[in-house]
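All chains are identified by letter, namely A, B, C, D and E, in their written order; residue positions are counted from 1 within each chain.
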Amino acid sequence: MSALSAERLSVAFGGVRAVDGVSFDVAAGIVFSIIGPNGAGKTTLFNLISGLCRSHDGGVWLCGEDVTALAPEDLARRGLSRTFQNLQIFSHLTVIENVMVGRHRHEATGILADLLHLPAVARQNRGTRKAAAEALGRVGLGDAAERSASGLAYGHLKRLEIARALASEPKVLLLDEPAAGCNPVETREIEAIIRGIVADGVTVVLVEHDMRLVMNVSDRIHVLANGRTLAEGTAVEIRTNAAVIEAYLGVRGAREAAGAVG
Amino acid sequence: MSMLAPLERFRLLQRRRLAAAGASKSILLDRFRLLRRRRLISLVPIVAIVIILPLLFSSAYYYRVAALVFLFGIAALGLNLLMGFAGQVSLGHAGFMGIGAYAVAIGPTAFGIPPVLSFILGALLSALVAFVVGRPILRLKEHYLAVATLGFGILLAIVFTNEANWTGGPDGMAVPQLILFNWPLRGAAVWYWILAVSFLVGAVIALNLINSPTGRALRAIHDSEVAARVLGIDVAQKKLMIFVISAVYTSIAGSYLALLDGYITPQISGFLRSIELVAMVVLGGMGSVAGSLVGAAVLVILPQALTLFDEYEHVVLGLIVMGVMIFLRAGIVPSLAAAFGGGRS
Amino acid sequence: MLSVDNLKSGYGRIEALHGVSIEVAAGEIVTLVGANGAGKTTLLRAISGVQTISAGRISFEGRSIESIPAHARVALGIAQVPEGRQLFAPLSVEDNLKLGAWNRRRGHSGNDIHRVYELFPMLRELRRTAAGALSGGQQQLLAIGRALMARPRLLLLDEPSMGLAPILVDQILNVVLDLKHNGLTVLLVEQNARAALAIADRGYVLETGAITASGRAAEIQRDKRVREAYLGV
Amino acid sequence: MAEFLQFVFSGITVGAIYALVAIGFTLIYNASDVVNFAQGEFVMLGAMGTVFLGHAGVPLLLAGVVAVLITTVVGLALYRWAIVPAREADAVTLIIITIGASIFLRGVAEVVFDKGFHSLPALLGSNPIRLGGATILPQSLVVLAGAFFIMVLLWAFIDRTLFGKAVRAIAANRVAARLVGINTRIVVGASFALSAAIGAIAGILITPITLTSYNGGTLLALKGFAAIMLGGIGSAVGAVVGGILLGLLEAFAAGYVSASYKDAVGFLVILAVLFVMPRGLFGKATVERV
Amino acid sequence: SAQVKIGSVLSVTGPASFLGEPEKETLKIYVDKINAKGGIDGQKLQLIIYDDGGNANAARTFATRLVEQDKVVAMVGGATTGTSMAEIPVFQDAQIPFISLGGSIRIIQPVKKWVFKTPHTDRMACEKIFADLKKRKLTKVALISGTDAFGKSMRDQCIAVAPKAGITIVHVENYGPHDSDMTPQLTKIKATPGVQAVINTGFGQGPAIVTRDYRQLGIPYPLYQSHGVASKQFIKLAGPAANGVRLPAAALLVADQLPDSDPQKPVVVAYKKTFEAKTGKPVSTFGGHAYDALMIFAAAAKRAGSFDKAKVRDQIEKTKGFIGTGGTFNMSPTNHLGLDLSAFRMLEIKDGEWTLVH
């Protein structure tokens, strides 16, 4: 069964058809990458899938269930999680609290129990904190747990978002440019993190412009241009696709993609 | 500038960094453990103050002023839960004070409902009103939310002013005394204890909430609704919940005020009172439980202290409000906490 | 042209730069290499004047500028492409560009806008769109265009290729080279360290708030430790 | 019919007043995202200043000019001594500062002027204009013309000049504004000065109708605030349309429903509009990409 | 020398400041005068005034402060009905005489042992107006009132006493205290058939605007205002529109026009002179109420021969034939005001001046 499938997703802003009849199918447990030129509609596609934006057409299925009209919070409860290209950090919270919020869907929240701080709440808090610390550890931010999130450097904030999304134990995780702002070494670390996530059985949908990363981790790659599908295939197929090279990769991209050791 | 730094230097630096990181990590962990065990630690000084203050009081006047501080502390705390934690402004919270106040005034006189029951019904009514109006209003953001809540508060004030048959109109109405187990609650000292304890109970509940999943969710909503939603938080429902809780706090404060004064006028729900509540929250510190009390103290005590300045009272009051916000811009309690010891409140 | 001497800066109690010194000569491209959180952004912000410094000197063309407010430094000829784009979100693309030329507001910016559009045709199509509605990469292009509108003599670039498609990364780096050939001086922070070192004249390595290495770009590129730590080879 | 027309005239009279007060909020909001709670005091200062300079024997026209200048300086001073020192503070803090300023200015007015009500002579006399059985005072039309005049100027300024764009740029992203070389202090300071001047002019024009007193600004500002939210905050056109609409609503409510609940009707309609258009009639929705 | 403290909580700022301000000035002037003459029984008075801003809760706190901290022997003032009502329990509990300056009859009815007041009640104002209407053979009136406490309370009183006075109220309108245009309400009154006169109950700036709008619409019937506008300010604000407006008011406003035979004349002339000389502002009846209250207290204390609170209270209650600015006070255990209708004069504004209607 596929973990995520999208059918004829379309949305327009003013005159711009940001996403125009895009369909794809993501098998469970793989890394599925979406690449394409700037403004191709990748982030908008993520917004459509995660319920932040409504498609004019078609639908979305999550692990076989039709989730087309669901609100983001309902999708989250069904195991979809994501990070953001433009960071959405809870900046008044500490780093670990940010991640603890990620646990929300696994927490029992009886308002009365919360107000009275029943022992169960305390116990649950401890559990949440432990799980959050673990997620932070996975992205290498264990040391920063008690810092205020607003004080992290850009690259670390990107990791914090990954940890937060991980903490919600998603079935499908959408990552929007996780390696932006990372040097090659740091990109490797991100790569390792992604591999770890997949190893846990999570399906990852990745949007990224770093071709080494994309070519290294992707099981399948879907290329968008001007809101439409340009190509889909394996890393090798894509990096040698003339149309993709022309519209997106360019010389450098093609070289980087080729240089990646798959 | 030297050319490439020698490898030795690099290693040394590397080591120093690790050592520093390790040290800071353990310190942080220790502090965190302390904090966790002492969730309610910020209340200790308040409890101490509650107990010590009466020793310094030479008359019922002091009791009254202190009682008012705790009373407005409760109202400000309620509003702070909404503004400081969930980031939703309300310029109409005095409306809930009005509901609470008129409930204990009208309940016994018009319907023969015992005052204690009226008190509870007032809180429930506020909750219900908050639940009903909150749903549409809370869809609005920032200034638009501000004007919507403002309108709500003014609507209530208009009703209290115009429905003279029930409320006595703009001249106000008398409030029957609260009698508990055949013991009439009267005298400022009695109210001092009632209100101090009530505030503490309210503060404990607020701290519990803040340290619960719900509290974290609310604070998250404050910073990014989008992120909160994709993490499975039902933003609309959480906002509504905190709006209702905060309405109940404020309503209870309103009931207390009516009982304490024995007389109420529609001013209790007026626009100026709402602004005063907001000012208490911000002056004391958004998101600070102790700050609510401090903010209330400032705005209750200042007018008493400033009688000294006679006709310059408002000039001085305005200057103090501006001065506090300029120099302690995060609010009194958080700013001072940051200045002395970097603790969080 | 730019000289930073023993600069210290931080956020509240935390010091992020512990005495950083760098030199950028006129007409040079100098790149700053460092890990996430090393303090690169902090340094650039300090040079632009939007970050308070606690010690040290910054001089530009022989004149010390620590006490000059940020807006006046732009008038002196320092422009920045900031981290996170920092656009005027509700304003249109074109207004963002016009405001980029604020320090020359009495002169005409029309030609310059056309030059930016020629460089990045995508922006011309979007010129009436609110900057906040653009995609990440489009925003990045706009941020670069806006900085160019100031006609700076020293350009500070904080990760200019972030979020850009590979095909555009090449273009940006070529633009930087072109600018250099037209006499512009560039201080470049770039996650794509290899590419940055390839076009740079000199480089510095910044580690947790201190410069740990410096030299000609080619030497740095060859340095084993740098290769391991930052280039990933 | 005459009755209906009279309600319309009343609505225009009151609405023009709201509009003129409301438009004063626009600039400061555009520059700083702050709703200036001391705006009503600017209105009061313009009016009371003119009245008292007049009492002191200054010719009324000159008195008006001087009062506007004084208020402008007060606006600048508010910015320089209260807003600049708190520059990194968030909007709520700044709003509380303006509330403090409003208490302060009222306190000063209480001491410098007096606590009585005052009026100013109407510009075009007080002979009512009769039309279809209804009447309107010429001063109402003066206020209306003033509101439109300032609206057009402001709109042209904010939407058509680079300076106006700089004002909005600062509110959108202060750091970025500094990075492109905008002297934020001068631009925001100018916005405060202009807002204060607009407030003062409004005060002088409306006083023949509303009368003025040291604390008369607060309630006017409240209505002005409601009007800008109805119109859409930040938009000069919205402020004027919102103001006039609110005035008409209240007049019809007073005429056809009940005067006791006319404020309630006004707010209910504002709420209704906001539910359909969460940013008011002319407010632009801002897109924030994630 | 020994000092005796008397307290006052006034609305010196806020919406009722035009009451509180002259009251405060009057109290200060006359306490100084009393002290200059050696005080009462050789004891000087110390006046403590707090400003409640019109807020009932603040008023109550200040009342507590006067009683508990300042240990006053009496309280003269409580400017409005709302604030007075909130203060009453404090003085009743502490058993301290309290002479209120609030308007409503609710302050003294039902009678409260320690509470008195000096301003005429709004009911008396209604009766006075109705009497004048009857004289002019006008029986059908429309009411327009402010929604503030004063306007609303008087409106209710007028409606209550109208039937007894043989007056029919054919239409009722109201306006907010800060409204700037009342033409819609007046238009409706204009359109109501049968109206013969219009009464406006309200204070502050509202009545001035009502008067101007009334003339703007060219409504032909006589217009009556209440005693709430009894200050020169009203005439100034309403301008020429005020001509022909009638209102019930204390003799104070027409001090100079009173016949020499009028027993009130010396009192009101003296007060007017003193007040205007000291403050440079025209007198209003509001300051006069404070004068009356202070003097009633002073006389009672003198008669009591001490400042014993109970004795002073008893003497206040026994006030008989006291001539004040508001009229002649004759208090009794059942009447803690002691004014009758004769205290009010019917005035008409002519060419910007108050004139007595004979």
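The rule is simple: contacts are C-beta pairs under 8 Å (C-beta built on N, C-alpha and C of every residue); 3 or more make two chains touch, one makes a residue touch a chain.
No experiment lies behind these values; they were computed from the predicted model shown.
When every chain is reduced to the mean of its CA atoms, the largest separation from chain B belongs to C. Taking each chain's centre as the mean of its CA atoms, A is the chain most distant from chain D.
Centre-to-centre, using mean CA coordinates, chain A is 47 Å away from chain D.
Distance between chain B and chain D, defined via averaged C-alpha coordinates, is recorded as 31 Å.
Taking each chain's centre as the mean of its C-alpha atoms, chain A lies 74 Å from chain E.
Contact of a single residue of chain D with at least two other chains is seen at positions 110, 260, 263, 288-290. Along chain B, residues 161-162, 226, 311, 313-314 each make contact with two or more other chains. Residues of chain A found to touch two or more other chains are 43, 52, 84-86, 88. Of all residues in chain E, only 12-15, 17-18, 21, 147, 173-176, 178-181, 183-185, 187-188, 191, 204-205, 208-209, 212, 216-218, 233, 236-237, 239, 281 touch chain D in the complex they form. Those residues of chain D whose C-beta lies close enough to touch chain A in the complex are 288-290. Interface residues of chain B facing chain A in the complex, by the touch rule stated above, are 21, 24-25, 28-29, 31-32, 39, 205, 208-209, 211-217, 219-220, 222-224, 226-235, 241, 287.
Contact residues of chain D toward chain B in the complex are 35, 82, 85-86, 88-89, 92-94, 96-97, 99-108, 110-111, 222, 225-226, 229, 233, 260-261, 263-264, 267-268, 270-271, 274-275, 278-280, 290. Chain E makes touch with chain B in their complex at residues 12-13, 50-51, 54-58, 60-61, 64-65, 67-69, 81-82, 85-86, 88-89, 104, 106, 147-149, 152-153, 156.
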